[in-house]
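Naming follows writing order (A, B and C), and every chain is counted from residue 1.
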Amino acid sequence: MTNFEIGLLSFPALLLLIFLRVPIGLAMFTTGFVGLWLTNGSAFMAMARLKTETFTTFSSYSLSIVPMFLLMGCFATLGGMSQALFKAAEAWIGHRKGGIAMAAIGACAGFGAICGSSLATAATMGRVALPELRQYGYAGGFSTATLAAGGTLGILIPPSIVLVIYAILTEQNIAKLFLAAVIPGLLAAAGYVLVISIYVRLNPEAAGVRERVGYGERFRALFNVWPVLLVFMAVVGGIYAGIFTPTEGAAVGALGTGLIAWWNGGLTRQSLVSSFLSTGRSTAMIFFIVLGAGFYNGFLALTQVPQELSNFVVEQGFSPWLVLAIILVLYLIFGCVMDSLSMILLTIPIFFPVISSLDFGMTPEQVAIWFGILVLIVVEVGLITPPVGMNLFIINAMDRGTPITATYRAVMWFVASDIVRVIVLAAFPAITLFLIS
Amino acid sequence: MYRFFFGLSRLMAVFGGFILSALIVMVCVSIAGRSLNGFLHADMVQAMVPGLANWLLDIGIGPVNGDFELVEAGIAFAIFAFLPYCQITSGHATVAIFTDWLPERPQQFLRMVIEILFAVVLIVIAVQLKEGMDSRIRSGQTTFLLQFPIWWAYALSLAGAAVAACVAVYMAIVRTVEAFTGSVLIADDLGAEH
Amino acid sequence: QEVTLRLHQFLPAQANVPKLVLDVWADNVEEASEGRIKVERFPSMQLGGTPPELIDQAIDGIADVVWTVVGYTPGRFPSTEVFELPFMVSDARAASSAYWQMFEEHMKDGEFADVHILGTWVHGPGMIHSNKEVTSPDDMQGMRIRGATRQVNALLEQLGATPVGMPVPAVSEALSKGVIDGTTIPWEVTTALKVPELVDNHTEFEGAHLYNVTFVLAMNKDRYESLPDDLKAVIDANSGHDFSVFAGGTQSDADGPSRQIAVDLGNNIVTVSEDQVAVWRERSQPIYDAWVAEMSEKGIDGQALIDQARELMDAYDGGN
């Protein structure tokens, strides 16, 4: 067997392991290890890599942004920012038809601006908004689907852990990627609100009515949102204005939200410990995937599979747009069962050289940023596509009375809006590139 | 046994959290120092209060020297320290959809095989990290600015890796016992998180 | 072919050193072996790991041949730093020649005993690129500068600047955002980093380089030893002194086109005259003293290395 063939065979082997419930990081690590063994005739090279590679993977300055953003999300919740956001949005639009669901989307978008993770946004906003939605007579599946979709705004609106990983893998500028994600992120929120208004028109029984509140209360509620605005301006604004590097921005955000949580009395010894545990658990999970992916991708490069694949695509003379469409559809399919970060880490080293070698009539940097945002959206759709969507599971678990099938049915509306958005953004790169040009 | 290993993992994770927090504070102090340093050097300040400005500069107002490498060393330790807790709470990302339809016992055997594989991998990682540390001790490599021996950072990380390997072995034993007795000793769901 | 060598390094394939030096070396080896050796080239750290790990990848056999910056692993190869001292080098070819001779005499069986070295060289004139004009050492006061090596950082501190450590790819962003006021780097690297677009001032030094970075092309020792004698001879014929001079010279020559870009942009290029360089040199004397002291702690006669390096560089006649 040639190295190239071993490389090709590693794909089905890896998928088999993953589908056998082997943790994704472990599956990539094992496939990479065995692959290196086979291509070198001994385990020597794989073992030698391990002498330094675990340490250097974990000691990455740029990736240290990940635990910092995760901790920032925990502190933001403790500081009552999720609550304040939802209350403010609800005061302004809660009385409309479907208004509480729209308010939940608005609050998710706001929380997304200070939280880099989808799951954290879904979990936090679910805890805040789900009881309210159910209390005012919103249908179970509709409520859970709304929050699951809203959770994806945690990643779509910067800051975003997935974008950080993409930026590092493709050597792009994190600040520019964050900025490019702003308009698509706002479009996502607008699309979800549109879905809600259509849904309640078609299913009037799915949403209850809430009384209108006075303007005094509305402005009071809005005022309580200032810490969110402050943190967002400091972190994303500071990174973009160049006051500090992305890692420094994450540190400022984490410290800032921590201080606000402490000021608001949300930071107790117990809640600090549980923030550390939750951050630690997610961090270890993510970094083990990063380690496994690095190991696997190093092996794959050795077999020349990514290079050959990209040469093949160029030689065939496929239309760039067809290739892009195929890649995006592949992400959607894999997203049904895999999580976003694993998909990015596994596939970007393969797909990015292919996309870079095609001519879309843009500069390489523009293509890289535009493609990054498109990938970000399609992998995030995976979080809400049945059967395996982490956001769906998290929210559904909070509402024992709603069967997961009800959530599945309602969420397809939001998935549809995501797909429409991907098509629009793919067809009009200028929308994504507008802010960075 | 479970209480011991769970307590140990939890302790490591909390310690990792404190290190992470310390790094966050250090980075913020460094930014503040850097901004202040630039401000004190500014022409206007130098013209108005040169004495005070230069005195502050002389006592070392500026970015934390080597903040970059402190983050690198510290974050590696924090992540290794988080690993045992992730291990004992089954926190790793999986795709369960294709195995969920299997009866309970085959699932338990599958889980056993996976946990044994994980234990082997984490043992190999810890042993090779030790190898890496030894070669750093021999070579005398230091960091760029602070010039502390790089093996110090390896040694810290090794502590976390060793605990992670122990916890993984423990989990492999637990899953093996479960598989052969059909019992459930440690529940495997997201419930452990909150 | 009977032997496949994996060549691993950190720059993209189209950058100057891979294109003008490493590819040439690899092609020559392939040709001279009449196709019996194939050199597989892996740019951009494709085989995994980070740039500082490259030398270990060669030692451990993860890659067969690596090109790396010696300073990525401070403390491991201290003698090479003699060529990194400020204002030590005035010509990349002469320095690369001296570097190889001193490598054979002092380092081959010492610091580099674990690996088979194929070439040793330095880049063209290390200089300053900044948003503020720098002509005298005092201009550096209070500036935040990315230093390329340990010795540059020491010099920056000596001059009252704040050395900021960051990897090369981060320089563009840091410059464009004002996180740093300038960077030390040779001309050749500025094009890829878009430095001329990001700063207006460039400070060159007449007669001596502000600093230099030392490189090695290194091969796994067992891999080399295991080659049949005729293939060993092929590797030997393409390595060593002449290759080192070629590599250093080629890299230095690549400065020209990059410098032209800054000229075309109308940037302010300051050339510190030789008289003025004397002032800079004087201010950097403490760096020499500190280095000699540090070396003597390691049991190395630093002053002797400095003297020998100067002697060999002076003796270099441009030919063979």
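Observations on the structure shown:
Everything below uses one rule, namely that a contact is a pair of C-beta atoms (placed from the backbone, for glycine too) under 8 Å apart; a residue touches a chain by one contact, two chains touch by 3 or more.
Per UniProt, the chains are A = TRAP transporter large permease protein; B = TRAP transporter small permease protein.
The model shown is predicted, which means the values in this text are computed figures rather than measured ones.
The greatest centre-to-centre gap from subunit C, using C-alpha centroids, is found for A. Here the largest set of C-beta contact pairs joins the chains A-B. Rounded to whole angstrom units, the spacing between the C-alpha centres of subunit B and subunit C is 34.
Subunit A and subunit B, compared by their mean Cα positions, are separated by 22 Å.
One inter-chain figure worth recording: subunit A and subunit C are separated by 40 Å, centre to centre, where each centre is the mean of the chain's CA atoms.
Under the contact definition stated at the top, the residues of subunit A that touch 2 or more other chains are 51-52, 60, 243-244.
Under the contact definition stated at the top, the residues of subunit B that touch 2 or more other chains are 68, 135.
For subunit C, residues that reach two or more other chains under the stated contact definition are 56. Residues 6, 40, 42, 46-50, 52-53, 56-57, 60-62, 169-170, 173-174, 176-179 of subunit C are the ones touching subunit A in the complex. The touching residues of subunit B, counted against subunit C in their complex, run 34, 37-38, 40-41, 57, 62-63, 66, 68-69, 135, 139-145, 147, 149. Subunit B meets subunit A in the complex at residues 10, 13-14, 16-18, 20-21, 23-25, 27-28, 30-31, 35, 68, 71-73, 75-76, 78-83, 85-87, 89, 91-99, 110-111, 114, 117-118, 121, 124-125, 128-129, 131-132, 135, 153-154, 157, 161, 190, 193-194.
In the complex of the two chains, the subunit A residues touching subunit B come out as 18-26, 29-30, 33, 47, 50-52, 54-55, 58-61, 63-64, 67-68, 71, 243-244, 247-248, 251-252, 254-255, 258, 272-285, 287-289, 337-339, 341-342, 387-388, 393-394, 397.
Within the complex formed with subunit B, the residues of subunit C that make contact are 56, 73-76, 141-142, 144, 150, 153, 162-166.
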